[in-house]
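Mind having a look at this structure? Questions to follow.
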Amino acid sequence: MSILRMSKTLLKNLLHGPYTVPYPVKRKETYERTRGKIEISIDDCIFCGMCERKCPTGAIQTDKSKALWSIERLQCIQCGYCSEVCPKKCLRMENQYTEPSYGNVRDEYVKCMNTQSPSES
Amino acid sequence: MSVVKKSPWILHYDGTSCNGCDIEVLACLTPLYDVERFGIINTGNPKHADILLITGSVNEQNIPVVKQLYEQMPDPKAVVAVGICATSGGIFAECYNVVGGVGKVIPVDVYVPGCAARPESIIDGVVKALDILEVKRKKR
Amino acid sequence: MGAITGLILFPLAAALGILLVKNDEVRNMIVRVGAAGTAVLTLVVVGLYFKSGIALSFRLEKAIEAVMAIAETAIAVYVISIGIKYKKYVISVLSFVQAAAMLCFEFTVKHNIEVKHAMIFDKLTAIMVLVIGLVGSLICIYAVGYMKTYHIHHKEYKERKNFFFAVLFLFLSAMFGIVLSNDLTWMYFCWELTTLCSFLLIGYTRTKEARNNSFRALLINLGGGVAFAAGIIFIGIYYKTLELSVVTSMKPEAAMMIPVFFLSLAALTKSAQLPFSSWLLGAMVAPTPSSALLHSATMVKAGVYLIIRLAPLLGATPVGKTVTFVGGITFLACSLMAISQSDAKKILAYSTLANLGLIVICASIGTQESLWAAILLIIFHAVSKSLLFISVGSIEHQIGNRDVENMDVLLEISKKLALYMMIGIAGMFLAPFGMLISKWVAMKAFIDSNNVIIVIILAYGSAATLFYWTKWMGKLVSRANMNQQSESKFHLDEEIPITILAGMVVVSCFTFPLVSKYALIPYLTEVFGRTALIPIGTNDIKLMLCMLSMLILLPISFIPIYKNDKRRKVPVYMAGENTGDNETFYGAMNEKRKMELSNWYMEDYFGPKRLTLWSDVIAAAILVSGVIMMIGGMA
Amino acid sequence: MAEQILKEISANDLLAETLKIKNDGYRLVAVTCTNKDGMELTYSFDKDHELLNLRILTDTETELPSISIIYPYSFLYENEIKELFGVKITGIMPDFNDSLYKIPVKTPFQMND
Amino acid sequence: MNILILIGIAMLAPVAGGLLTGIDRIISARLQGRQGPPLLQPFYDVLKLCQKESIEVNSMHRFFVYISLAFVVFTTVILLSGGDILLAIFALTLGSVFFVLGGYASNSPYNTIGSERELLQIMAYEPMVLLTCVGLYYAENSFFVKDIVAAQTPSIVYLPGVFVGLIFILTFKLRKSPFDLSMSHHGHQEIVKGITTEYSGKDLAVIEVTHWYEVIIALALVYVFFATAAPMSHVFAVIVCLLVYFLEIIIDNGAARVKWQQALKSAWIVTGIMGTVNLIILSFFK
Amino acid sequence: MGNRTIVPFGPQHPVLPEPIHLDLVLEDERVIEAIPRIGYIHRGLEKLVEKKDYQQYVYVAERICGICSFMHGMGYCMSIESIMEVEIPERAKFLRTIWAELSRLHSHLLWLGLLADAFGFESLFMQSWKLREQILDIFEETTGGRVIFSVCEVGGVKKDISSETLNKMKEVLTAMEKELKEAAAVFLNDSTVKLRTKGVGVLSREAAFELGAVGPMARASGIEMDIRSQGYAAYNQLDFKPITDQGGDCYARTKVRIGELFQSIDLIRQCIAIIPDGEVKRKVTGNPKGEHFTRLEQPRGEVLYYAKANGTKFLDRVRVRTPTFANVPALLETLKNCSLADVPILILTIDPCISCTER
């Protein structure tokens, strides 16, 4: 008979104090490789459409005529394939993930002369 | 005083998820993330739940189940679609047996992106759903 | 005096009348009138003699005894002949032995013994008479309605209604005889008469099972009769008396133990205590009114009645201890076995056995407190159990069988019947109701008399009791979500007695302090010669009554809420596979599958297969060790 | 890696071959169906990590016996193939009658789009 | 004045019970290495439930939990006001029976199985509860709590075995693992939420509050073992109660849920050995 | 019979992380009959191969299941590599092995947690998952994802692990081993746990073979069957012997899986000790043509990949036979005559991955 085998571990935990990360207050550190969301340096983009073709879910749209690169955030599976195939290496995997939302999120990036402006619709 | 926001109870249903989001939902309960800090309890029973977390998209056989679970939850209630499959069908959107996002079957309040959705994301999503609960409560 | 004689003779006359009348309607009328008359007579008798009691001696004693001797011989001849006819020779032998012994005794020794009071009517008798008269007459009226439907449902049995009712009334008469008699030979005669009635009623349907069971009942009860006869003869020879009141006032010396042991043995067989209990379970094949009357409310109480009478001689004596433990093992084993039953009448039978066991314990411990509990148990048990039995009888007619599992439809069929059934069940074990009050006092009595083992048996047995009653009740309430209602009528002859009995269950709980004050305390004071105290504090009684009122008021207070209820009704939880009607779900083969819910029976743990043998062996061992202790006490 | 052993047999020999293999102490690993240029069923067996494949070329018209009498646990594979590919496999125990997955389209792997 | 005290008991008991439940949840979380909810979380839960819609499967099954609550409150009041302990236990049993009937009344699969298990649990722990009362009566010659706590020597001196048995079955009463068969506070059970599956909103809140009362009742039973006429003993009794509660939390977190067979067997065997031996020894000295 | 209870169990049920349905026929609590129904997760992703090219399909393969995600990606890549006759770099083989064994660690820890949860031992569940988080941290650090890695590709792996990280990994594992021993002692020695696992769901060696059980399920019944002993990836260079047990009950399965936890840690150590330097991927050009059966050992058991290619970038057919699929008949066998309380334990004991099974 060995009952309460767990108690040693339990008391150890009790003395150690919680292992919990107080999340909204303090974030757990991310790693360099952490895949969060795809960001684009729109200025470098040449709108070749490689990312659009390779994206397994079809989350990315490019429009060469309008100089528009857009991504459906709710379709992106963070596989990073687009950033791998990007010939200009202008797509980059950020550490921070996309925030939850109340509806569809489509981030559009338009290559302007000097500025980039993400707008949400 | 409204306490709806202080004790959200969760019902988790796995649509056609690949388990990735499922285990992340479960990971939220574990010591590292411990959502019980916010009073969140994973009840597993629609009649006790305030928030329905759905992971994975919905397929033919799941439609009545999801509808029924939603139906059996007492008001005010909110639906959180966790993971890309649940929000849009994701990589499986083109499969013959996948209807698409959960939104096609029941009204979804919060979309949590990610493949798989990170526990932090899920917590954020639930917190967002709390505001919706509060609004719905006032409407009643 | 006339009234008391009337009490015995009136049912007898009714029985004769019924036997002779062939017309159904007329006979039913006679039954009703006879039952009502019996009830009225009972009340009259109790009203007349309750206060002071009365002891009777008959001038025509010799003549009465001659009639009895003839009747006794006739019975013996009948029993011996059927024993031979059906090749149950043991029965013939037993019957012959006891008849011969008694006749011998009567013609030799008895002449020298003078019986002063052949009958005594005291407060205990009053209670017993009330129970027999009121419950008995209600059951007789119920039987009118029941038997009508019974023969519609069971065409395969030959209709012998006049015989059935006649035996019922004969039985009532005999039962009155038992509780009124002070002369042991008279009591013995009535005792044998009840055995015969029981035998005849169990065999009513004349099926093979019924015949076998009736013979088993006869065999065991005849065995008890032999013991009774032996006890009487012993007392007659050694103590030169035949009066029960004289016997019980003697000292419990070692030699006295022998007749007491024989009488107790007779009582144990009649009350179906453990090694002898199989007959009562078999008796459930009889039509329900006879189960209600004979096998729960009255006849089996004759045994415990005798033990209560003998209580001053039991107590801490070896025989007393033996009887106590036999009762204890019966209570425990039968409570446990009842869990594994799903046939309603079987549950009731086991529960009856268990409760008789409890009464036997209380009576044989023989303190004032325990006797108080024993007598109250008799009252409450008779009322509640007969209510349950006749309700089950009606339910059987409504739903076609008497499996508890099927009683969930009762709410749809008849809300009233379900309610009465619940009152009956509540009466059997729930807190403010009668049985529990008595159990409480019994427990206190056991502790005060330092019977730890019995206390522990009581604790386990009550827990088991709680289990099987509650799950039955659960079945009764489980279809509350069904709104459709098909009110099927049940016979007025059935409904009236059920309603009255249900009322009696509730009323008896409110009035038990009165019963205690005016009947029990004086009786116990008289028996023990010192003032008895009511074992429950008045404060507690108030709280109890408070609980009872809570129970009664609560449903009423909910009615207004029901009216303007705007709650959303949703289907029950079926893991997401509900088809919407609360009855079915989408099964594995993609079809609608009916959900079924059943109670637990835990056959492997509490089944009679597992427990009967062991408990019988233990009970027999207790009896044997009792004999050894007794002999040891003499030596 | 182990060699790929592939043995082509006719539908009629299936039960006999399977029985032989079973008696040799093999276990069924998988039943695979491919639908390009005609139906192609492959039964894979294993013994001591040795993979043995039996191949049957068939079509949706031909009835094929179920091997669930030899390998009872083949019923899942066969039900699946029957439902998704429309191969007529007869005598599966138990037969789910094309409702193992309850899909909205009939035999999705057989559609030519 | 008297009435005021009774009302006070009825009001304060759930507050204390709720706080204890809150402490329980925090300690449980800490034992598991988690931070745990705020102390007042049980109150938030109940208040939230009151603000929620109460859906139901039929109009009857809710009725039983209210009766159940009424009797549990009744029990608490009797116990804490020094009344008859046996009567209190009977009232408590009545409350439990109604709770079980509520489960049956829904006619829902998991509720019914939960009821069945709850009933089994009652059957498992009832003998020990009764023997506890009997033991106290043996020791102090009274069923009245006020007499028992006014004794010169604490009852624990006479009843160590009974006390151990009581601690064992309190695990049932507090709905703690390994004996939380019928309804568990932990999320994942094979019978969903057991007997409470079909309750929602206010009805569920009532069940929660009932449980708070039951916690107090359970600890009150522990309390009477230690309290005596000496004032300091009451402080000591409170400390013991808290320790027992802590022990129960440890047991809860340190054991798997057992099956009904083992629950019934172990409870009856422990009752049989601890209670019986203790009582028999006591009866020799009487 | 008579007193039967028929209730639905699942698809939505708190003890089931994934939807599966059982019609349970009970007597008291004893299960007389359990009829399963699946199809709640069936997506039809094998057909997706017609729409995604063979390199994109790696991402689909990884999402067959989120628990053995890496193994699915690896198995798929291995079968394509075999068809294309690509020999991947040595270091990539070792990295794949390390990740595979880490996956096994995480999967078994997850399973242990769920098992604890199924028998109502919440703190043990928390403890197991707490340990598992450390593995997830390693995943995130080395691949960037906590559950879905996206590191495998046809021709090798996408990311290398630096030697500092490997050393850190070793330290983490050593520290974890100690804590793991403590938790394992509870699983294997605690009497309440034993009450729930010992003698529950016994599957004899013969029955396990007859029902085609694979993986730990078969190994716990005494069948020494482990595809790793065939030496795919880097396993041929490691010291490896399958862990078996003769018990055949839930306890034996727990024991086997706990044994494999320590074995995995050991295998990773071995890998780290002898991992060669060099490239981690080989450039793959052209399209595959041919067919291949590939088998490897997932945490749940043997998995079989079949790929058939026709020389275009879209494959003809990809077929995955997952271990759970093979273990379902064994599950149904063990469910007979168990107790209702055992149902979740028995379902978990095959370590089900319905999402793999139905694809």
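Some notes on this structure:
The first chain written gets the first letter, and so on, giving A, B, C, D, E and F; residue counts start at 1 in each chain.
Heads up, the rule we're going with is that a contact is a pair of C-beta atoms (placed from the backbone, for glycine too) under 8 Å apart; a residue touches a chain by one contact, two chains touch by 3 or more.
Given the structure is predicted, the values throughout are model-derived calculations rather than measurements.
Taking the definition of touch as given, a chain qualifies here only if it contacts chain A and chain F alike; those chains are B, E. Here the largest set of C-beta contact pairs joins the chains C-E.
When each chain is reduced to the average of its Cα atoms, C sits farthest from chain D.
Chain centres computed from CA atoms place C at the largest separation from chain F. Put simply, the chain closest to the centre of the protein, by Cα centroids, is E. Inter-chain centre distance (chain B to chain D, centres taken as mean C-alpha positions): 39 Å. Computed from the mean C-alpha positions, the centre of chain D lies at a distance of 59 Å from the centre of chain E. Distance between chain B and chain F, defined via averaged C-alpha coordinates, is recorded as 26 Å. Inter-chain centre distance (chain A to chain B, centres taken as mean C-alpha positions): 20 Å.
Looking at chain C, one finds that residues 568, 570-571, 573-577, 586, 589-590, 595, 597, 599-600 touch two or more other chains. Counting partner chains per residue, chain B shows two or more touched chains at residues 13, 29-32, 34, 37, 42-47, 59, 61, 65, 69, 72, 74, 91, 96-97, 115, 118.
Residue positions of chain D with contacts to 2 or more other chains are 99, 101-103, 108.
Contact between chains, per the stated criterion, is found for A-B, A-E, A-F, B-C, B-D, B-E, B-F, C-D, C-E, C-F, D-F, E-F.
Per the touch definition, chain D reaches chain B in the complex via residues 101-105, 108.
Per the touch definition, chain C reaches chain E in the complex via residues 408, 430-432, 436, 440, 443-444, 447, 450, 452-453, 455-456, 458-460, 462-464, 466-467, 470-471, 473-475, 477-481, 537, 539-540, 543-544, 547, 550-551, 554-555, 558, 562, 565, 567-575, 582, 595, 597, 599-600, 605. The touching residues of chain F, when paired with chain B in their complex, are 11-15, 17-19, 39-45, 47-48, 51, 59-60, 63-67, 69, 110, 113, 126, 129-130, 132-133, 136, 145-148, 353, 355. Remark: chain E residues 28, 31-34, 109-110, 112-113, 177-178, 180-181, 184, 186-193, 253-262 touch chain F in the complex. Interface residues of chain B facing chain D in the complex, by the touch rule stated above, are 59-61, 96-97.
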